[in-house]
Amino acid sequence: MKRDDGRTLNQLRKIKVTPNFIKHAEGSVLIECGETKVICNATVNENVPPFLRGKGTGWITAEYSMLPRATEDRNMRESVKGKLSGRTMEIQRLIGRSLRACIDLEQLGERTVILDCDVIQADGGTRTTSITGAYIALEIAIKKLLKEKKIKENPLKSQIAAISVGINKGQVMLDLKYTEDSTAEVDMNVIMNDKGELIEIQGTGEEATFTREELNQMLNVAEEGLKQIFELQKKYVEEAF
Amino acid sequence: MKRDDGRTLNQLRKIKVTPNFIKHAEGSVLIECGETKVICNATVNENVPPFLRGKGTGWITAEYSMLPRATEDRNMRESVKGKLSGRTMEIQRLIGRSLRACIDLEQLGERTVILDCDVIQADGGTRTTSITGAYIALEIAIKKLLKEKKIKENPLKSQIAAISVGINKGQVMLDLKYTEDSTAEVDMNVIMNDKGELIEIQGTGEEATFTREELNQMLNVAEEGLKQIFELQKKYVEEAF
Amino acid sequence: MKRDDGRTLNQLRKIKVTPNFIKHAEGSVLIECGETKVICNATVNENVPPFLRGKGTGWITAEYSMLPRATEDRNMRESVKGKLSGRTMEIQRLIGRSLRACIDLEQLGERTVILDCDVIQADGGTRTTSITGAYIALEIAIKKLLKEKKIKENPLKSQIAAISVGINKGQVMLDLKYTEDSTAEVDMNVIMNDKGELIEIQGTGEEATFTREELNQMLNVAEEGLKQIFELQKKYVEEAF
Amino acid sequence: MKRDDGRTLNQLRKIKVTPNFIKHAEGSVLIECGETKVICNATVNENVPPFLRGKGTGWITAEYSMLPRATEDRNMRESVKGKLSGRTMEIQRLIGRSLRACIDLEQLGERTVILDCDVIQADGGTRTTSITGAYIALEIAIKKLLKEKKIKENPLKSQIAAISVGINKGQVMLDLKYTEDSTAEVDMNVIMNDKGELIEIQGTGEEATFTREELNQMLNVAEEGLKQIFELQKKYVEEAF
Amino acid sequence: MKRDDGRTLNQLRKIKVTPNFIKHAEGSVLIECGETKVICNATVNENVPPFLRGKGTGWITAEYSMLPRATEDRNMRESVKGKLSGRTMEIQRLIGRSLRACIDLEQLGERTVILDCDVIQADGGTRTTSITGAYIALEIAIKKLLKEKKIKENPLKSQIAAISVGINKGQVMLDLKYTEDSTAEVDMNVIMNDKGELIEIQGTGEEATFTREELNQMLNVAEEGLKQIFELQKKYVEEAF
Amino acid sequence: MKRDDGRTLNQLRKIKVTPNFIKHAEGSVLIECGETKVICNATVNENVPPFLRGKGTGWITAEYSMLPRATEDRNMRESVKGKLSGRTMEIQRLIGRSLRACIDLEQLGERTVILDCDVIQADGGTRTTSITGAYIALEIAIKKLLKEKKIKENPLKSQIAAISVGINKGQVMLDLKYTEDSTAEVDMNVIMNDKGELIEIQGTGEEATFTREELNQMLNVAEEGLKQIFELQKKYVEEAF
């Protein structure tokens, strides 16, 4: 079975990364997965949130947002509404939690890295694209800290990437674009590291349900996709320097 | 290995349900899982949110909150802060999404069921306890609608329940209480129906990671626990009438 | 004349108190006045608000809230609205002010007691029930501080309790339940101590007015009711230990 | 005993009213009670709040605010804080409730009168001064509606005025200015109509308590003061035309 | 051509200033320009905002607000809306910026002057009237600081005043009242000092545009009007002492 | 005198425009003025705000925002703060007002064009760059409406563009970058149309002042710069099709 855009069921969309996209950020990329485009900026602050002060450990946090016209219909800005939506909070908590799993926070030292993921164009998979891009921005920022001798040893323990996988009309399908995602029966986000370990899985079937066997099929397909993404991340971090 | 409270690794805490706890609600229970206590109230409104008006379909939504002193240290009220935390939004979205998976919204008709889950005492597993209790409150409310002939056929397609499972000091462990949960390497919430199908899984290892094999072990243990919970739900719904 | 529920005009509803209701709080009761049920938790914090720092004096404050389905119709949560209603603020200011009148704040020392009054079921008189219950929670918390030798002398100067009294169809009536309260011409809340002194009175006749003579009749009836409540408070504090 | 400003214990401060103070409002006065100055504007809107639509009845509501520098120390604006304080809400609810007690809302017809009370200089008694002034602004607005034949019969049933009374150093004292109010043991606001009936009483002794006898003494003094105020209100309404 | 109120095209409205209007403020005036009435209060605080601490320099800031019934139709309070409008923020930023241009902030010392401009009646030109009045309130406050020897040298470098000028039906017109302003093609606010230097100009033609020549005509007319205002400011500052 | 970046005093920075930057928007450009980069998206909605309904006229409005890391130091998101800053409101009101001056709103018909200007990298002149880019996005969107025959005649009356000009160390200087802008004595934004008419001027000297002569010099320089920008706008609109 071929998909709308000619991909096979377990084929990724084309990934393109523009490193050093914004000049002010310590780490910055524009990541494009098919038509989904996200600016990922890593900011290094030489302090930590109050609950960590004086504990000799660093922190990684993330913020996620969409431009109003990233989507087919224009969305009202959250700054105009005066508050973040539940969806935004859920996504940025997921990004932060995932990225914290690839780093030794004590080796990072008493500093915070804020990962801003701003979706400028959306076509499905914005949260997984954000995680994959945020990792690259983070690694660029960390390499600069190493060069500037602000940290001695690389605190990164592994690469992190994320991909969506789902069941659409009964078929297990990798890296769903918007039209596939919005009609899927089951939708799962898989975050892994390059050692083949799971960081987080979130699988949900709002109208449908899924079996243990289907879960395993989805994880198999996701794992294969993520292996390719880890290679691309390596390549783009090198390009940044 | 025995746990603090004498349980074996795959043993549930004692579950106690007081049906018809609050007199005004269409469905109401106080559910206690060990020392975790949640009031679950189902409110039936004879209208639907704007995005569903005139579509001949109903809606299920949920709200979650904790009393300030449900926890060891007092938490500031979200009404005083002026906004819901990301954690609250994430949990109430999960409860609503899970409960929608057990019901035929068209058969429910153009009405909304709001499931209020208010934690009055917390000791780990408040979100899974909320889902398990909310299902009972929902079934009680639905049975009343059937009795009052407001709906003709039972729209419930299956029972829904949830349980937490994790890895603590390398051991897979069921139904973690607070002291176990806060020191766990991996924390997973499993929501299933009584047909043995998965509704949602959320697994995360903030500092640690987990393998596919560990994932499978956790799911096995969760599945066994949930079977016992489905029996208890049946019993308590009967008690309500 | 008999009332709906069989009571005489100057008869209290049945009061039931469950001490030590929530395990985490320093003082905790579930108080039931007829069908009105309020969880009153006292939290002791070892600090004071900024305006009192370094002045060698303590503070008592209160917060009041209702579960959405405490009432016949569901109320939107104030955390969802993003702000406290005027009614809530008025009530929690009253509770705090009343409780501060029974204690020597200097003897309390530089600590704050927060009294959380959460109405889980409402049937009239929620603010007076909250004050009566909050006093018990406070006395339990104070007795624990005395036992732990954190304070040397009992700072409590008197017991405090509150009751509603009103005029309904021309009749002075004690302890109004919701159906009586919502049709009353005059509604008054009387807060007194067990020495027979007034702490606060708030009397209002939104559509009607009342004479000095009616005011005196209402105060007489309230005073008699409060005497009985002071006896019950004594009994339930003893039960807590 | 003479007071700071030479008044006797049961003597009012000088009251001065400038009718038609703001040209746009349907009723407008600047009321000065000693050094307390409040602009009271009545706005007549030809509609009612949603809960009253189609019920053939009108509504009276009030808003209260202070200029930042109405007080000795500057207060932050509530518009800057982003919310009304509990004190503001309590006061404006009291003003609205009191004014509704003097009018037949059905005779008013389906229209709303909003009474804006803006304190431009404060020296104690701002809420009672607001009620006394708001009544005059309301009567002016009502007289205009009668002249314009928008309403046929005068819906006002009585005059309404308010005064503060308290116990300071053991002495019952009328119309407290700020220095007296801030050191008073007992503080009471009495709202009455010109038939000698009580509309609302609010008495509180934050640190102290008061007896039934003291309550009666305070009410006697307040009643005498209010008689004088009713005469002044009459005079100033006439002046407005 | 004569205008509605009989003025010639380049004639100011009558300006009246009541110095020392509010007793608590360090500087206070009621300024009336025709039917526009603004209370301008200067508050001196012996501290500076965080961004200036320890830099040996002072600060001037402004807040602007309108009473709800300052206008023909009642406006909702910004404190009720929970936020300041864009218009309010724009105006108060302009007032603060303008006043900072007339003072040597280092000579002011580490203190802040807050200029509260509260419009009690509006008839066009509220922002320019606010600036003109705020200057007088500021100068009164500064003179008091000099008298009290809190500052040694007068930090004021020049007088500041503002006026509106516009093009209405093709005619350049000075000091527009509301009916003229709301139908003007071009609307400009000119802030100058008494040395004839420009502090700020803001000219806008929402529907229309304007030429360089028209700009110059407007500036000429504004300059003449401002010369008269500087004389009035001098007179009213003297009157204050 | 040469500037930091080698430009002469009256030389523009290099302007680059990428038309059709975001696929979902009706009109979209990425505009770069030197290192300042802004995404300008035009959204066409087939309705108008409430105050214009049924009046046969359209509306143009604008929103402005900066990514947190558009600047050297990271700024907190306005969605996280819960409100728009005064600066943001001032800028987006200016953009909307300016763009409305180039269009016949009746010919636009009952539809709204929202111009979203999102600064992804800032180096001075973000508001003027936004206006210049927003015009191009608007013209692209209008041309599509004409092609789709949704409107018959072109409602655009002229081109609109904006540029900053200032006085830095006594020198009149065009198109200031951040380091020049932050040290300028006088800062002015000039918005004109391609007929040489002024739409809006905003000139301010926070610490300094400026003379009528300096104003004229600044306007001369701005006018010359804007002529070049109008040519570039024409070229890029053509490129979009």
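Every chain is named by a letter (A, B, C, D, E and F) in the order it is written, and numbering of its residues begins at 1.
Rule of thumb we're sticking to: a residue touches a chain if its C-beta (ideal position, glycine included) is under 8 Å from a C-beta of that chain, and two chains touch if they have at least 3 such contacts.
The UniProt protein names, listed by chain, are A, B, C, D, E, F = Ribonuclease PH.
None of the values given here were measured: they were computed from a predicted structure.
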Which contact partners do chain B and chain C have in common?
-> none
Cα superposition of chain B onto its copy chain D, rotation angle rounded to the nearest 5 degrees, comes out at 120
Taking each chain's centre as the mean of its CA atoms, how far is chain C from chain D in angstrom?
-> 28
Chain A and chain E have mean C-alpha positions lying a whole-number Å distance apart equal to 51
Dist(centroid_CA(chain A), centroid_CA(chain D)) in Å evaluates to 60
When you check chain E against every other chain, which residues touch at least two of them?
-> 82-84
Touch graph of the chains shown: is it line, ring, star, complete or other?
-> ring
What residues of chain A sit close enough to touch chain F in their complex?
-> 22-25, 28, 35, 39, 41, 43, 45, 63, 65, 67-72, 74, 77-84, 88, 114, 116, 118, 120-121
Chain C partner contacts - residues on chain D that touch it in the complex | 83-87, 89-90, 92-93, 97, 100-101, 193, 195-212, 215, 219
